[in-house]
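Pasting the structures in now, so scroll down.
First chain A sits with chain B, and in the next complex the same chain sits with chain C.
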Partner chain A sequence: MAKAHFLEGIDPSTPLAAGRWGAATATAGVTMRRLGGLSIASIVSAKGAAPAVIAAIEAAHGLAIVDRPEVCAGTGLCCVGTGPGKWLAVAPRDDGEAFADGLAAAVGAAASVNDQSDGFVIFELAGARIRAALAKCLSIDLDPPAFVPGSAAATLLALVGVTLWQIDEAPVYHLCVGRSLTEAATRALAAAGAEYGFELTLD
Partner chain B sequence: MSRLAQGGLIDRAKPLQFTFDGKRYSGFAGDTLASALIANDVRLVARSFKYHRPRGIVTAGSEEPNALVELRDGARREPNSRATTAELYDGLTAESQNRWPSLAFDAMAVNQLFAPFFGAAFYYKTFMWPKAAWEKLYEPMIRRAAGLGRASELPDPDHYDKVQAHCDLLVIGAGPAGLAAALTAGRAGARVILVDEDFRLGGRLNTENVEIDGSAGLDFVAATEAELRALPNLRVLTRTTAFGVYDDTYAALERVADHLAEPAPYQPRQRLWRINARRAVLAAGALDRPIVFGGNDRPGVMLAAAMETYVSRFAAAPASRLAVFANNDAAWGSAFAAHDAGVTVSALIDTRADVSPVLAAKAKARGLRVVLGGRICDAHGKALTAIDIVAGGRTERLAVDGLAMSGGFSPNLQLTCHHNGKPVWNDDIAAFVPGTPPPGMSVAGAANGSYDLGDCLREGAARAVGALADLGIAATALTVATATLNGTAVSAFWHVAEARTKAFVDFQNDVCASDIVLAEKEGFRSVEHLKRYTTLGMATDQGKLSNMPGLAIMAAITGKSIPETGTTVFRPPYTPVAIGALAGHHRGKDFRPTRLTPLHGWAREQGAVFIEAGPWLRAQYFPRGAEKTWDQAVNREVRAVREGVGLIDVSTFGKIDLRGRDVGAFLDRVYINTFSTLAVGKTRYGLMLREDGFVMDDGTTARLAPDRWVMTTTTANAAKVFQHLEFCAQVLWPELDVQLTSVSEQWAQVAIAGPRARDVLARVIDDPATIDNGAFPYMSAMETRVMGGVRARVFRLSFAGDLGFEIAVPARQGEALARALMQAGAEFDITPYGLETLGVMRIEKGHVTTNELNGQTTALDLGFGKMAKKGDFIGKVMAGRPGLVDPDRPRLAGFKPVDPNDRLRAGAHFIAVGAAATTENDLGWMTSTTWSPTFGHALGLGFVKGGTARIGERLRAVDPLRGGDVLVEVCNPVFFDPEGVRLRG
Partner chain C sequence: MLITCPYCGARDAHEFTYLGDAELIDRPDPAGPEAEAAFHAHVYLRDNPAGPHRELWYHGSGCRQWLTVTRDTRTHAIASVVAAARPEVAR
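== the complex of A and B ==
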C-alpha cells in the first residue's frame, strides 16, 4: 500500500509531531523549522505617512526599509512589506510587548503598531526540493527573477493566508502564519513535501 | 499471436504479464493494454452502452469510444479507463464492463432486437407515464441496462497533487510541430514547459516511416529529446494532458504513477498542473475519423491511423487479412505500412474516383488491389468476417478480419474553443480549423490543419518565434531543410447511403445515422438540439470521433453546407479528470484548513467535545461524571452560569484594531448607530448593514484611548467585516485618517458570566478595585494587567445575559488565563461551558446570532429600528425601500409553548389558530429554539408578522416536514432578565 496518507491518521487538531515524515530519503527534501524567540509587530501607516514611517525606522534602528513587497534585514530587525504602507517587523527578542511599544514610540502618529508576537508563528523553510513543495501550496511564481532573496509576498498557502519572504539563494524562505492556522499550514507542507521526505523541527 | 516478429517501439526483453476478464496474457514494456490485447488476438473488448453490441478497439489514443474497461481491482478499480492509453505494467488486471453474464455472451444484447424502438429520445417518449413508475421502475431498469463501469466504493488509497507552474511558453503536444516549437524557444533561453499526453515524445513520428534532414524521424525525436531534457529552462512533462484553458491559466493532468502497479511510497498518483503561461503553442495534432456505414462498429473495424500505430509502433497486427476504406491519401500510407510489415492487405477502397499517380504507383508496386470510387456499405460478423464493397454498380462480398477506415483528419482544436472561439470550416481539408484561439495561444501543425511534415516543423518553430517576440525574447527558428513529403489530399465523404444495417455515428453513446434522420424529421435540426435529442457527442469522449460525421449527415439531410449547419464547440476538460486530482491535498479533514483556538489544549484537558464552527473547532460542551447525553451537560452548564459562574472561550471573535483621528466618524458611517460620542473606557453594541440595507454583522466596539478603538465581530463574519472596513477606508472614504489592523490572532479571549463572575475576576486581575460596579459598570472597557503583569483588555459585556466580563490576553497566555480563572473560581464551582450552553443562554436573553443575521433580515426586522441614527450610514437608503419597511414584514419575537411539555422546532411556520396551514396563511417562521433549564420549558425566537405587537397572542407553530403542530404564545424575545438587572449587578 502507498503510504501517502499519513495525515489521514492524524486529526487536524493534533499537532504534527516533530521529526521525519513521508519518503525515507537520505536527507529530507523539505525542512520546516518553527522559529522561537521572535518578536513580531505589524505597522500600518497613516494616510500618506509611509515616508515618515520609513524615516522613523531608519532613525531609530538604522534600517532603510522600502514600501514594496520586499524584506529589509538589519541587525536586530527585519521589516517585510505586506501592503502599501504596511510592514511586518520581526526581531530576535522575546519581549514582544516592549518591542512593539518601542516601534510605536519611534513612529509616533505616522503609523499604528500592534504587537503580533502571539498572533503569528514564523517557520523557516528549506531543503533541496522546497520550491517543488511550495509550488503545490502557493500560486505565486517563486523562480528567479520573479522571486529572489529579499522578495516578499502576502499570499495564500493551501487556503491559509501567509506572508512569505526569501532569505537566500539556496533557497531558504521564512513563512509567517496566523497562530490558529499553523497546524493547517504544517499539514499542507507535510503533504506537499512527503514525496521528497519532510522534516519538521519545533524549537 | 498477432505480434509481429520484428519492429515496434516495444522492449521485447521485458515481458509483462496481465489479465483481461480473468484470463492471463503477456505483452511487453512499451505496450498499452490495447496493443497488448491486439497482440494476443483479443478483438472483442467491450459491449456498447445501449444496445450491448460487441465492440473492439477503434483508436490508439485518448479519443477511444469503445475499449473502456475497469482497470485494476479493489480500492483502485477505475471504470471507463481507455485501454488505448493504459500503459501495460506487470500484473495489470482489467475487466470488461457493461455485460452480463460475460463479454462473449451478453444477455442484454437482446436490446438490439428492440432497436427499432430504441431510437433517439426513446426514454423521453416511452417512460412518460405512469409518473410514479419513473423512480421505482424505469430509472433503475435503465440504469442497470445502460451502464458504464463500476466505481470502487472503497476509499481512494492514493494521493493527488495540485501544482502551480509559470512559464513564458507552454507547448502542448510533442509531435513534430511541438518539438520544433519547444526546441526553438528552449534554445532562446525562454522558460518553456512541453507537455504531451503520450508516454513517448514524438507524436506521429513514433508511427510514420519518415525522414527529417536525411535522418529517420525517430532519430530526430531522440536527438531533440536529449537536447530538450538538458536545457535547465525547459521542463518536459510526458503522460500529461493539457485539458483546459482558463483565464491566463492552463490546466493539465499528469498521470505520475498510472503506469505503475501502484505509486511508490508517498508518490502522488496524479498531479494537476495549473500552468500560468504567458504564451502557448497548441500542437496537439489531428485525429483520424470514422466513416458511417453498416456495421462500422464491429470488432475488427478501426481507424486507419490507429491500425498503422498498432502495426508500426507496437508491432501488433490488428488483422491477418485487412481492407482499407478511405477518402484520403494518409490512409494509403497506413495501408502501405501494414503491407510492408507483413499484413495481407486484401483491398484498398477509396471513395475518390482518382488519386495521385504517386499513390497509385506505390500501391501497384506492392501489388495491392485498389478499388476507386468504391464504398463499403456493410460489415458482417460478431467480430468482423466480411465486408460488402459497392463499386461500379456492383456489390462484392470480401472476407477480411480487419478493416481500417479513414474519413480524413480533424485537427485537435478543442483547446482553442475554451474561450468561446468558434472553429472555422476549411473545405480543402474537409475539416474545422481553429478560429480565434484564447489570448496568447497560437496553433501549429496538424492542429492547425497543416498536415505536411515539413509544414508542421516550420510552423511549430515559427509560432515559437512569434510568441517569444511578443514577450521581447529573440529566438531563431529551428531550420529543417528536407522532410518526407506524404500526400495530404482528401475529398469529403461521411456516410454510405447504401448501408442496410445499423450505421454508427457515435460509438460510445450508440447513436446511429438513422437517429439523426429521426431527429431531423421531428424538428431537432439545430446542432445543439440534435446533440441533446440523440445524445450524439455527449459521452465521455465529447464526440471527438462523432461530431463531424453527425454534423455532415445533418447537413446532407437538410441540404445545407456544413458551416451553415453549425459548428462543434468544445468545453474543458479535453479528457475526463479524476475528482481526486481536482481536490489535491484538500480532501477529508483537510478539505479546508482547521483553525484551533489558543485555548484548544486546555479545552481538551477539560474533556470538551468539539464541534466544527466554520473553519474553527470549538468546544461544544464539557461532559462530566455520569452524564450520558449532551443535554444533561448543557442543562448543568446553564444552571452553573445562572446560579454561580461559568467560563467560555470566545477567542474566535474577529478583533480589529482601529486607530487614527477619524475613527469615530468612520464608525458612524459603518454602523447604524453613533460611535463618535462613545467615551474612552466604554464599549457599545453596534449593527452594520450591507449597502443593500440588510444586516451584515453585529458586535461591540470599545474606545481604549481617544484615537484607539477595538472592534469585535462575530466569528463567522470576522474576515468579511475586516475586508469591508478596508474597502470603506481605502475606496469609499480615503480622506478619513483610519488605520486598520486585524489582531484576531494576537488575543485569546475568555468570557466569564454568572452572579459570581466579579468575584472570580477579582482574584485574577492585578488591581481588583478597578472592577467594582461603580468604577467599571456595564459596557465598560479597559486595558489592564492580570496574573501578575500580563497585558490584558477587560470588557464588561455578556452574551449570556448575566453579570459578565470578557478578558483578552496575548494568545500564548490564553491557557494560563483559563487555568487561573478555573483556580480562582474553584470555590464557586466555576464551570467551563461550550457553544451549546451559549446558544441556550443567548436565546433566553433574546440575543440574535447567525440564525437571525442570515443576510435576509433588516435592523427593523430584528427590533433594532430605534438604534438607527438620523445621519447617514451604509445601507440607510436601501433599508428604507418600501418592501423592507412594510409593517407586514415578519419581525423578531419570542415564543413559548402553551403546553410546557411541548418542544419547539426551528423551521416551523406560524399559522393563526383555526387557519389552514397553507402558504397564504403563513405568518412567519421560527429561527432558533431551545429547551431552557432556567425556565423549565422550551423557548424560541422567530420572525412573525406584527412582531412584538402580537405579545400574548396564541399561534400554531406548524412543521409539516417533520409532523409538528404546537400551540405557542408570542412573547418578548428577551425572556431572561428583561430589565437587565443582572447585567448591571
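== the complex of A and C ==
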C-alpha cells in the first residue's frame, strides 16, 4: 500500500480538528495553540494625538508603548503597534467590554477604543520549524535582525490579514486573526507545517 | 516590486492598492480664480509620464495608511515613499 501523503486529512471542506497532522515526526516541528481567556481592544489615536495616548497608557498602566510596529508587554497588558497611532491591546482577562471601557477612560478624547475580543482570535505559534513553515505563507522577513523578539507586523498570511508579533528567541510568535478567517489561516499553516509534523491545540 | 512603507518597512506591492496621481491631494480652491477650469483639470486631466511619477498607494493589508510614492514608470524604481497625510494633520 502506498504511503499516505503528508497532506492527507487536511480537508478544506471541514474544520481542522485539534491534534497531530502531517508527517508522523517524533515531535511536531510546528505547533499552533489557540489562546483563550484574552481580551482584545483596538486603540486608534485622534489626529495628532498619538503622544497623548502614549502618555495616558503609561500613566494608567505603567506601560511605555511606542508608535512603531513593536510589541510592548507589561503586567496584565500588552500593546502591539499596527499602524501610525494605532495599537492592538491584549490582556489576560475575559471581560473584553470592561477592559475596553477602562482603556477608553484612560485615553479620553485622545483615541477611539473598541472591544475586539469577539472579532479576533490569537494563536501561539512555536516549534523548531515554525520559521520554515511561515516562510511559505508570509512575505515578510522573519530572520533576525529583521524580526526579533518584540517585533510586530500587520501583514498577509496566505492572503488572510493578520497581526503577528514575536514573543521570544525560540522563536515563539503570537498571531492575531479575524475570527471568521481562523479556519483559512489554520489550514494554511497546517499545510505549510505538515512536512515537519503539525500539532493544533484548541483548549 | 517592494514598497518601503515608512511604518511597516519593505513590503510586497500586493499588500497595497494603487489609486493614481498624487496631484489629487491638492484640491483647488473653489473660491479661487478660474475655479471651474481648475476643478476640470483636478477631476479629469492626468499626466501620463514615462519617468518619475508621484502617486498614491494605500497600504490596506498593513498599517492602513495612504502613501505618496515617487516611482519611475519605466523601471518601477522607487525614489521616495512618504505618508500622504499632510504633516500638520498627521500623527
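Just so we're on the same page, the second predicted complex is superposed on the first by the 190 of 203 C-alpha atoms of A that agree within 3 Å, B and C clash if a C-alpha of one lies under 4 Å from a C-alpha of the other, contacts with A are read in each partner's own complex, and residues count from 1 in each chain.
Heads up, the rule we're going with is that contacts are C-beta pairs under 8 Å (C-beta built on N, C-alpha and C of every residue); 3 or more make two chains touch, one makes a residue touch a chain.
Please read these numbers as outputs of a predicted model, since none were measured by experiment.
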item: First, second, both or neither for A:139, with chain B first and chain C second; value: both
item: Touching partner for A:168 - first (chain B), second (chain C), both, neither; value: neither
item: Residue contacts on chain A - larger count, chain B or chain C; value: B
item: Chain B versus chain C as contact partner of A:154, first or second or both or neither; value: second
item: Touching partner for A:23 - first (chain B), second (chain C), both, neither; value: first
item: Contacts of A:50 with chain B and chain C, given as first, second, both or neither; value: second
item: Contacts of A:94 with chain B and chain C, given as first, second, both or neither; value: neither
item: Partner chain in contact with A:69 - chain B first, chain C second, else both or neither; value: second
item: Residues on chain A lying within both footprints (that of chain B and that of chain C); value: 45, 47, 139-140
item: Chain C-facing residues of chain A, complex; value: 45, 47-50, 67-69, 82-86, 139-140, 153-156, 161
item: Interfacial residue positions of chain C with respect to chain A in the complex; value: 7-9, 11-12, 14-15, 61-65, 83, 89-91
item: Residue ranges of chain A in contact with chain B within the complex; value: 1-5, 7-8, 11-13, 22-24, 42, 44-47, 96-97, 111-112, 114-120, 132, 135-141, 143, 146, 158-160, 178-181, 183-185, 187-188, 191-192, 194-195
item: Of all residues in chain B, those that touch chain A in their complex; value: 157-159, 161-166, 191, 262-269, 274, 276, 584-586, 588-590, 592-598, 600, 604, 610, 616-617, 657, 659-660, 708, 734-737, 739-741, 743-748, 791, 810-813
